Every structure is written in structure tokens, then in C-alpha cells.
Amino acid sequence: MPVITIAGNEGITTEAKRKMVKKVSKIVAESYDLPTEAITVLIQSYPKENVGVGGELLSDR
Amino acid sequence: MPVITIAGNEGITTEAKRKMVKKVSKIVAESYDLPTEAITVLIQSYPKENVGVGGELLSDR
Amino acid sequence: MPVITIAGNEGITTEAKRKMVKKVSKIVAESYDLPTEAITVLIQSYPKENVGVGGELLSDR
Amino acid sequence: MPVITIAGNEGITTEAKRKMVKKVSKIVAESYDLPTEAITVLIQSYPKENVGVGGELLSDR
Amino acid sequence: MPVITIAGNEGITTEAKRKMVKKVSKIVAESYDLPTEAITVLIQSYPKENVGVGGELLSDR
Amino acid sequence: MPVITIAGNEGITTEAKRKMVKKVSKIVAESYDLPTEAITVLIQSYPKENVGVGGELLSDR
């Protein structure tokens, strides 16, 4: 705890996930005045047809 | 914002998702008195063996 | 199952929730070809200072 | 309702899911003084590269 | 990781939460063949008017 | 989209939320190669007795 869930599109690289997790964990740990070890990050990958923005599927945009 | 997450079974068609996202976004936008552009919908697809209802896996029903 | 989570701002009326739940449950039930009884809706209320859009707190907009 | 979401690593067997759902549903039903039929469990499977602990991807540990 | 989110009604006692967290953590740890220390549980409390079942608010039942 | 949910303890200041949202939104936007405007952040505040770590309530630690 804290637990950070990042719901994003499919397709980001492992290297991008690695950097994102490192940076986001550090910031959130600092914000809550906790050690980075306390932070869990869950990355959810959504295909475009499973995401709606403004009433439209992303895959239709 | 608002963000709507729909956790459902696998297997609904893209067309069903398209209609569902359009209608649900409109209703929730009206309920919060916001434009439809503000609405995000995330559809999560669960295989039956990853869902429990009444203590049983859906795949065992 | 399905389970619908609606993360929205604080402040919508009970009547607005009542109508939203009724309509959204019906649409999602139809989309998944399931009876409305199968649908669970969870409404989460967020104060504006707990929501960020475009890097800003909603309470700062 | 209640709805229990279990975000875990990929790879647990169907049998392990079956037992987990049965036991967890029973305990949570008892805790809320509700029948087990009221309980929904959603199991989310995360690949190791989609999970960060202590600022590192699980796949890098 | 794993992270367990329990979305339930308001009103269960601290003692009931204590027991539920202890038991659920043990079961899920065993299911994933992990130590209990790895388990995080998040309890979400929903007022009845923020929960819809079968298209109705729980507060209207 | 992306949508970031940060489940953390109660008690962080508005200023800490402001900075956290700004930094986290920027990093995640860069990771997904999207503009910061696309990012939504939801901050969930949990009282210690609603959080379990290692089978214990945080409020008991």
C-alpha cells in the first residue's frame, strides 16, 4: 500500500513499463512519505475496442 | 471523468460493445450533467474460470 | 456479473443514481444477453481534489 | 454485492481458483452476514512485466 | 501482490474486518503459493444508495 | 485514457495530491506517447482499518 493501477492501451514496450513503474513508484512513495518498497503498481492493457471515449470505441476513431 | 469500468464475460461482439459504450456514456453523462466527451468506458473481459458467483466458478456452472 | 463501477464526482442526487442504475443495468444486461438481475453497479463518489484531469486537480480548475 | 477482485500473477491452476473462490466467498459472506450467493469474485491475471513492486517490474526480479 | 479489493456494504465492525483480512489473506497466499506478507487487502465501503443490484438501488429494497 | 487509480492512506495534503497528480500524469503520458490532457487520475483514500497488509489491519500495526 499504496496500490497504483494504470489502465492504458496495449502496446507499450517493456522498457517503457520499467521506466514508468520506477518513476511513478518513487513519486507516489514521496507523496505519501513512505518507502518505495511499499508501492505496488498494476498495469492493465486494454485493446482499443474495449475502450470508450466520448461515447465512441477508440478502435472507431 | 466519470470513468465507467464494465467487468463482463468474454465474447460480446464489437458491435455490442459499440452500442453499449454509446448508450451507457450518454446516460452517465446526463446523470452527472456533463458532456459525453468527459466519459471514459473501460471494458474488462473475464474468462468464465476467472469469475466466481455464489462460491462457484462460472465455468463449473 | 457483469459488475459496473461508475467513478464520478460527488454530489449527484439519489434520484439521479436511481435512474442511472436502472438504465445502465438494462443496457449492459441486453449487451451481454443476460437478465438485469445479474447486474451489479457500484457508484464511487470522488471529491474534486481527489481527481486529476490533464495533470491538474479538478478542484483547481 | 459484495464484489471481490483478486489481482494476482498469471499461472494459478483452475483447481486452485476453484478452491480459492469457494473459501474466500464463504469467509466474506460470513463477515458481511450475507448468503454466499450474494458474492461475486473477479480474478485478474497479470503477467510479471505488468506488475511493479518496490519500483521494479516483477519480471526483472 | 496479489492485491484483493473487497467492495462491500458499510457497517461491518473492525473485528469482522480483522478476521476477514486474516483469513482471506491466508487463503489467497496459499492459492498463489506466496507468503502472507505479499498480500494487500483493500476494503471499500459503499452506502446502500451507491449500490445497484438487478437495476435497483439497494437503499430502495 | 489512460486512467490511473491511486489507492492510498487517508491524510495526504491537497498540495501533495496536486504535485503527485501533475508528475504522475506527465510520466504516464510520456510512457504512452500521449498528451497529458488524455490522463485521468483517481485518488482513493483508505482509513487504516480498511487496509490489510500481510494479513493484519494497518490500524493494528
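To keep things simple, chains are lettered A, B, C, D, E and F as they appear, and every chain counts its residues starting from 1.
To be clear about the criterion, a contact is a pair of C-beta atoms (placed from the backbone, for glycine too) under 8 Å apart; a residue touches a chain by one contact, two chains touch by 3 or more.
Fair warning: this is a prediction, and the values are worked out from it, not measured in the lab.
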Subunit E against subunit C, contact positions shared by both copies (same if over half, else different): different
Equivalent-chain rotation between subunit F and subunit C, CA atoms, steps of 5 degrees: 120
Between A-F and B-F, the pair with more C-beta contacts: A-F
Centre-to-centre distance between subunit C and subunit B (centres being mean Cα positions), rounded to whole Å: 11
Inter-chain centre distance, subunit B versus subunit E - centres from mean C-alpha coordinates, in Å: 21
Chain centre separation in whole Å, for subunit D relative to subunit C (CA means): 23
Residue numbers of subunit B (touch at least two other chains): 1, 3-4, 7, 17, 24, 40, 42, 44, 46, 51, 53
Category of the chain touch graph - line, ring, star, complete, other: other
Touching pairs among all chains present in the structure: A-B, A-D, A-E, A-F, B-C, B-D, B-F, C-D, C-E, C-F, D-E, E-F
Residue numbers on subunit C that touch subunit E, as the complex places them: 4, 14, 17-18, 21-22, 24-26, 29, 36-45
Subunit D residues within the subunit C interface of the complex: 1, 3, 40, 42
Subunit B-facing residues of subunit C, complex: 1-9, 12, 16-17, 19-20, 23-24, 27-28, 31-32, 46, 51, 53, 58
Interface residues, subunit A side, partner subunit B - complex: 7, 44, 46, 49-57, 59-60
